[in-house]
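In the two assemblies presented below, subunit A is common to both, partnered first by subunit B and then by subunit C.
After this line comes the complex of A and B, so read on.
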């Protein structure tokens, strides 16, 4: 069956890799955090002991035992692991959080996810569009000074972490010129809701963090688009289109741009999947109420459930984006289909 | 070696990057000579040696900062520590990446599948929270332990790059010939494959170094840097703690991020320059 349907075998292999990688990455993370010689309950019980000068060790032990059970920290490491995996993947429950006990972790994540997706998703899409347009022009007019300058600037910016750019923006635009707010996601005088002042305030607060992310990621898209275009330029069908007398503008749009859309759309999907990984510090710097901020709160008090929950979201979104690409590519691109069938 | 000379000749970017990094490295190496007179023999990272906020004077050309350290000592000591962390972590990551990449790429089959799957698992874990978790509990957080922790998360990229190159190379005729003539795997790896891979090893090293330094800045940025040295990332964190924004201490605020950005640009240029030499098609398209 698998031998006779290579496409089916390909899909099956991708699905198995998907499940297996998520499981492996999450398991590594789980044990890394459990091996840390500290946990929230111990620290908290110690504080209690200090604060109330508790003498009866039996009641302290009872309290500790109760909370250990609540957080799944009782029993051997193996038992904790099996219980946690069952709870997360079978029951879909990430457990109670410690930073906001007894709210379950999924509630906290859901509250913050829109901010992260809103800020980071918008920035990524904006930079993708801008990067493709600039990269297309820079590749098409590759012998001009404009192209050379753009390329050099893009190379310089491409490897700088966005939070350093953000820091300079905060210093110069926020503190120096006092043009834009540098803290939070909206002005505290407005209440959350679909009102115009609130929305304007949110947009105003998003300008600096979004600019920092866009500056760095647009550079990457410019470079990839430009080199894709340049490899296309020697192709026969472009020469033929020119010989046919098509206008250069139409050749660029219909022949060049369309041919680079596949790799660039793939890149966009992968970047959107990995969107949270690199930008956690941006949220920290701007005190932006997203997942990065939550992660920082949680990690400082060893709130394992919350930290693992956020990491799980990140792992799953990276892997899902890449799975969707793997599954969609053979449907879209006949060349890949043939390649799979021939192996 | 010849490869580096050729890259220097071919690429202006490579030249630019090498000169910048060269100047910074020299500055970092001779740093103790420059700051010792002003820090009076104290290591720059030690707080409370002088009174805080002394204005610039012949004793302290740039003054002292909020923790009573010489600002010049901070800058130079920070540059030294940051470059050293990058170098140590980059080397460690390269070493692990070479072993993983060569074994997986050269052996192939089941070993390759296992190693590659493991590498891919590490690559999808967001490294920043784990780095923070580890640095929170590490008992002796010296510059060396921090570099080691950072290397844990920068080797998978190196491993993946090297593996891809090894796979592309091992089916070449000269490797087949060496195999047929009965050379051992290790000998083939060191005499046939390694010399051809040096450019890629250098590039992986540069990438791992950048990765580790970005990680270090991230860690130090939130106040979890090494306890025995001062780094450029830590200076950023300290500056905001002293209310340097409101005090208008622009030098303390701007110099560390600016130097870091310069380091990242220079390393990227070096990498790009090497790529241009290896892939001549890039050369005539870079519009120089």
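After this line comes the complex of A and C, so read on.
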């Protein structure tokens, strides 16, 4: 029978790791940005001085001091850190944004999160499914010309950065052939809402960026799946399954696919977690209103609050994905279950 | 002993063609080669042997002699770069239930045609039971999936069948819900035996099923295998390099060396009166516990490479009786008396013509 305690101890251990890793990663990010030689308010004051010949005066200093307080930039670094952590983790407030003052950072993030999740989440899942299916076939029929061709194409594609493919798509399909829109997430003539024209416009705008991402990431999934399958083909239990007279399709499904799902599901969860950073360059190229685009805007003006907010989302989603895998693995793989019970 | 019964020469007055009726699997001039960078590895190179109904046929020989490759060839499990170069494996089985028996050449069947034969008519107990079970599937699913694939039994019937077979090999029903890593090596081996007999095949091919196990477990499993064989009226081809196991289990023995069959006979014939010098060496290498402790004799020399078998008789470089003819001419497997075959020049008329170089015994 299943012993309960070791599993719970395992879950507890993973949960503690989860909390401390998030805290650690976030702290490091906080100090790294504070190490920058400027901050949003000083940078803004300098811009004003340069562009509008504003004179150094006490009123400017007062205004600057006021905004510094607003953004949590007053006091020593230690004070800033404690105040910020308290504000974020206890009050659940990421502070005001600078790029869109006085909107709070969470409002900006919530506005852009659906776009990133929609575009990148869909592309990642699409390429995962396609990659596994193609990789499975390429591995299973590894001595055929089809498999060789697929492998070579995948190797080439996996080495090309997504933004290069994106550039090509923008140039050829967007500007050259003018088949598809290349800017934004929807056509400005439609208002946001659950209306058919708006949804169609969103889908139309998503095709090119999604294609750029899928083309590159599908190659990675094909290659890993193929090599997992080829390793698996040497296993005795596949020969045994064949000796049992099972249909090849059943062997492929129940013996090969099932056994590679473990590493591939882990990989998918991690990739989905990482998606939250937004594919920075892809979003820039397509002027896609996702988190990557927001991060880019924020970095340009030293908007610490927004940058940290986006990075926090990213840290938390990567960590949550890996926590979920850790929690789910014992349920998927009986061997891990036993290992945990015996420790 | 069973062996004498199974090997009594067929009496013509009893049946019209008793020889062919007893025949279950006839392997003729079979070659299984592997393509390597160094040329063709002729791992199995011209094997002739007949397996009769309801016998345990032991396939013996040292490592690398081609025993496993031969049975994998018969099972059509040879994977590239290996291939069946030539030969026939004539298998007689009751196609479509009671509608009489059919003989097919297993080597000529397409993979789609051989699939229905597997498990229903020819089952296999694999060499490495340790790794032959899928680590992420329950034992029950790995047994019932084969039952459900063949024929049209319901899920409930398949489960009943599975539990019954597990019981036959002395495993409790709780094993069905377990995963392979929760089982010991002996238990896994029992699972593969139980799985192999679920559909009551005519032929069971067991490839060194007990080699990885300790002698105590080995002993128990062999006994279970014999019990099952009796109960289900199985024919078993048992592959092992272990002559002691063969002495215990086999009715008839085939001795392989360098990809060819050297000698065939009943187990008692082979042990009491080994004909081939290689067999003689094999028998001599078994320690005798009833006698004084003596240094066990081995066969001098090393096994040859399948890339280039010795010319003439493949055993001649290691044979103490070897003469000129042995280096030149390959001896054929010939019958010395009914049911007894040997491939050695010593037993041909030509041997004593020139000089009585080597005497027999």
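The rule we apply is simple: the second predicted complex is superposed on the first by the 312 of 343 C-alpha atoms of A that agree within 3 Å, B and C clash if a C-alpha of one lies under 4 Å from a C-alpha of the other, contacts with A are read in each partner's own complex, and residues count from 1 in each chain.
Keep this in mind: a residue touches a chain if its C-beta (ideal position, glycine included) is under 8 Å from a C-beta of that chain, and two chains touch if they have at least 3 such contacts.
Model, not experiment: these values are computed from the prediction.
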Room on subunit A for both subunit B and subunit C (clash or fit): fit
Partner chain(s) touched by A:155 [first = subunit B, second = subunit C, both, neither]: first
Computed vertex angle (subunit A) for partners subunit B and subunit C, CA, steps of 10°: 80
Partner chain in contact with A:143 - subunit B first, subunit C second, else both or neither: both
Superposition-derived comparison: subunit B or subunit C, residues of subunit A touched: B
Contacts of A:259 with subunit B and subunit C, given as first, second, both or neither: second
Contacts of A:237 with subunit B and subunit C, given as first, second, both or neither: second
Partner chain in contact with A:167 - subunit B first, subunit C second, else both or neither: first
Which superposed partner A:32 touches (first subunit B, second subunit C, both, neither): first
Least C-alpha distance (whole Å) that remains between subunit C and subunit B when both complexes are overlaid: 10
Set intersection of subunit A contacts, subunit C complex versus subunit B complex: 143
For the subunit A and subunit B complex, residues of the former touching the latter: 17, 20-22, 24-25, 28-29, 32-33, 36-38, 142-145, 147-148, 151-152, 155-156, 158-161, 163-165, 167-168, 171, 175, 227, 230-231, 276-277, 280-281, 284, 295-296, 299-300, 302, 307, 310-311, 314-315, 318-319
Residues of subunit C defined as touching subunit A within the complex: 75, 77, 79-80, 115-120, 123-124, 126-128, 130-137, 145-146, 149-150, 179, 181-182, 192, 195
Sites on subunit A touched by subunit C in the complex: 143, 235-237, 239-247, 250, 254-255, 258-259, 262, 333-335, 338
Residues on subunit B engaged by subunit A in the complex (per definition of touch): 13, 117-118, 120-122, 124-130, 132-134, 136-137, 210, 214, 217-218, 221-222, 236, 245, 253-254, 257-258, 260-261, 264-265, 267-269, 272, 281-282, 285-288
